[in-house]
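Labels run A, B, C and D following the written order; every chain starts at residue 1.
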Amino acid sequence: MNSNVPFRGIIAYPITPFTADNAVDLPTYRRLVERLVTSGSHGIAPLGSTGVLPYLTDEERDAITEATLQQVAGRVPVLVGVSHLTTTGVVRHARFAEQAGAAAVMVIPMSYWKLTDDEIFRHYDRVASAISVPIMAYNNPATGGLDMSPALLKRLLEIPNITMIKESTGDVQRMQALRQLLGEDVAFYNGSNPLALAAFAAGATGWCTAAPNLIPELNVDLYKAMQRQDLATARQLFYQQFELLQFIVAKGLPRAIRAGLQLQGQEAGELRAPLQPLSKAEQQELGSILERVQLPVSVG
Amino acid sequence: MNSNVPFRGIIAYPITPFTADNAVDLPTYRRLVERLVTSGSHGIAPLGSTGVLPYLTDEERDAITEATLQQVAGRVPVLVGVSHLTTTGVVRHARFAEQAGAAAVMVIPMSYWKLTDDEIFRHYDRVASAISVPIMAYNNPATGGLDMSPALLKRLLEIPNITMIKESTGDVQRMQALRQLLGEDVAFYNGSNPLALAAFAAGATGWCTAAPNLIPELNVDLYKAMQRQDLATARQLFYQQFELLQFIVAKGLPRAIRAGLQLQGQEAGELRAPLQPLSKAEQQELGSILERVQLPVSVG
Amino acid sequence: MNSNVPFRGIIAYPITPFTADNAVDLPTYRRLVERLVTSGSHGIAPLGSTGVLPYLTDEERDAITEATLQQVAGRVPVLVGVSHLTTTGVVRHARFAEQAGAAAVMVIPMSYWKLTDDEIFRHYDRVASAISVPIMAYNNPATGGLDMSPALLKRLLEIPNITMIKESTGDVQRMQALRQLLGEDVAFYNGSNPLALAAFAAGATGWCTAAPNLIPELNVDLYKAMQRQDLATARQLFYQQFELLQFIVAKGLPRAIRAGLQLQGQEAGELRAPLQPLSKAEQQELGSILERVQLPVSVG
Amino acid sequence: MNSNVPFRGIIAYPITPFTADNAVDLPTYRRLVERLVTSGSHGIAPLGSTGVLPYLTDEERDAITEATLQQVAGRVPVLVGVSHLTTTGVVRHARFAEQAGAAAVMVIPMSYWKLTDDEIFRHYDRVASAISVPIMAYNNPATGGLDMSPALLKRLLEIPNITMIKESTGDVQRMQALRQLLGEDVAFYNGSNPLALAAFAAGATGWCTAAPNLIPELNVDLYKAMQRQDLATARQLFYQQFELLQFIVAKGLPRAIRAGLQLQGQEAGELRAPLQPLSKAEQQELGSILERVQLPVSVG
């Protein structure tokens, strides 16, 4: 694999579990990471939205970065989320991740004030010049508060070590426009779970997803079916998991993945406030969905 | 083919050409329909948005319905648009279309006042009870002004002769939700040109499109490649036509298709005001796109 | 009053009542118009959205135009809605209204296909050159489907007999931007009921509203209080009627006004399908609101 | 004044100036605060959006809180922004502000993950139970990423020391709905600069604004004119400053206020990256606007 584009297939996002007294629960975290690696994910991405990156202190982020790289131990590449509201903060975390052994870092331009295109470009450029590993630029207006146009993403690719784009607007037309604008050689990644099938059809290199915490085989099998152009099987596998994908997005990934892990008998720690657990009714709904997902389905 | 679901593949929408003195130009219209049939479309759909249905008088609509059925002469099924702002008006046009030989009629709940779900249900129910041919329910909030939820569309399918759904929100997740909710036996059709690839991947039965006026082979070949699960070729064919699909949607189908036909040396008549021709710059842009579309492209 | 700007204050919109067999009920209509005139409205505006203009035939529109002018008989000026999807159609109805004695005509660029700014300008220009009475340009994207920017509205004012603008986006910032861009000499009218207070504060010349069918005194008194700069009384009067204004907008003016008239013991005719009457629960809610509206309220 | 509602009129938001090496420039900050107090603002609100609160460390926030209270020295009440992504973080900053002498604290539920209504309620409840000073709940979906409905805001008022609401959606109908739902005794504040006139007309108790950094007299005079029901003067004063209010909102308050201060010959420090200064063209546009704002305007 190209060292500038070290990810393909299923890139799995672990949650960050907390102890009862609101500290990061590293032993539980490492078990969850181990499970993602052994169940077949092609990459591990700590400190994403799923990992509640914005709710963590600098020191907590450092500890998670180190724990991930130690646990994964080179079996698959690791993509560390290093976003921060200030440019200085991103540089600090990107350097730490590089030194810890990350294959690449992911940066979403987190906003409070809307940033101009020039501000976003300078933000990425200063980070890129401070490190040598490749960068995945991440567009997700729903969480980050900023929407980077295909034209701006194209401009970001002028920066040498920005080599990957993750698109999470939830609109497959945006991915198609990106692919059209950037050419088929640029790697783009789908970050919108309900678009998994459409994004692979459109040419996505990988799927950035928290779903492997709960249904790793279905995620990996969907990717493989699309790789071998077995569209009928891929479609069947997609609709088999579609209800779960919709649920975890609708309820918020950290809340929903934690509840699903508990339903599967896994230790998943606590959430950090203001996040609260799913209600009983939501947990029951998730239980029903997880049961339906496991049923064998005839090819459609 | 099931007589209740008489459409699959490429369903082509002709424009309505006008003479210099603002009358419908039936001879030109019939030549355009003939071209759609002979270039391989699997169905013909007069009096859609492309055919500027809302700008036509009752008599003009009758004349176009009759001309289409005479010209097509049973070679492929005909889907006649019979929408009207009033329920009485839809009934009148639906009956006319049935008697003229339409295989099915299409109804979009055109709005001025937003309609409640109950009003929409009663609207369809009254039309359905007045005719025997099947009905395609059409959701397109951008032109019709109303957005029918998947739940409402499911409810419409309780009416016996509503058997087909055309989805044009431009959001592939809506099609997936429909397919999930309705089951794989219900036929849904994609009405959003830039979603052609994603919709077929999601299981769409057909593609309702004005594009065959300009690029019939590319449209039909995309459908065939998806049918035989040749995803690599389908993706290549899709990106080859994607720029044109975006252009005709962005500029408005009647304006863009007419300009494209003229660039291809076809007689295409006048537009009816308030619609005006594309500007010179837009025509040149379209000319460039049409040239690029014809070039052979290597498989991506 | 300037004959080019013949409206100020409360411009009242009658509904169009239908008979049980779906014909326009002209005698009932004339009684409703009479009631609007005698209860103090400063102008009468037939064939607006409230009057379900798009659901009427040409002949029905002519009959309503004539009936209005005969009934009003010059006591207040009449503003006739003459919108149509085609330019030719608007010209036809504008000429009829002028000959019937309308003080001005109102034109909203009804859309099916989105129109370009140039198309909208030509549309208005052709109508304006066909008549001599002034024109009120009407912006209401929620019903008309097109949003005319302040810049486009400014351009329309270059056409000599376009002298008034009615803004119904529901955003008071748009009215402020219009007033800023056009100067304080251009008359703008508020068409968004819940903005009545804010629009008069921002400098609106009049309020185009269906509310006088139900609460004419409250509407007129609010206007008068703002005229004499009695803001405390105006605010009290506004909040007294605010709940009703929200209700009639939320439920759709034709449905809600008809139900309110019936609750007040007035003959209000039938609706034309697809429109259906308010549900029993909605009628009861409206009854409660109408009771609360009548209660005296202490100045806030 | 009621100690539970210690703010009315013009509540002024200082920017946070930085030194060339990216530290908070406290001496410059104190001069800017002094200017706000002596030019007539009725309250001072450090650590708002204008003060780039999310870009500051805990220690920087503490230093600004202390500097503000020392500089203001009781001349007007101080409202300290204490928002943080985690509940624990808000509690920490709220306690610090209370001990430092704040009259009240402001809390916006900053989001990365969308919070449920229950999560938001618990978030506020835990903060409220940790302090004794009153809390202003702040709704601003454009910066905070969450939109609190009027119903949720009403629920928050059940918490004893939540006594004030700041509404910044930019929709005056939301303020009216709040006032309708909460009654006229609940204090609501306008945080949307272009709505200053409409919000006071609707009954707002105060205007939370960064504009007094540049045009304090116009802000205070508008408030006074509305207080004495001199609507004609208030409207004139509003349109005199409207262009500037639009500009500072469109360009982002920290960038625009800093540029305006520099144009007025004031020391304003640096911005913190990723924020960058306005472009030369934008600075010139602002200069022209500031010149026009000063011109005397005839009453409209």
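Just so it is clear, a residue touches a chain if its C-beta (ideal position, glycine included) is under 8 Å from a C-beta of that chain, and two chains touch if they have at least 3 such contacts.
For reference, the UniProt names are A, B, C, D = Dihydrodipicolinate synthase family protein.
Just so we're clear, the structure is a prediction, and the values are computed from it rather than from any experiment.
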Contact-graph distance - origin chain A, target chain C: 2
Contact-richer chain pair [A-B vs B-C]: B-C
Copies chain A and chain D touch via same or different residues, half shared test: same
Approximate Å spacing (C-alpha centroids) for the pair chain B, chain C: 35
Multi-chain contact sites of chain D, meaning residues that touch two or more partners: none
Full enumeration of touching chain pairs: A-B, A-D, B-C, C-D
List of chain A residues in touch with chain D within their complex: 22, 49, 52-55, 85-88, 109-110, 112-116, 118-120, 122-123, 126, 142-143, 145, 252-255, 272-276
Residues of chain D defined as touching chain C within the complex: 170-173, 176-177, 179-180, 184, 194-195, 197-198, 201-203, 226, 229-232, 235, 239, 242-243, 246, 300
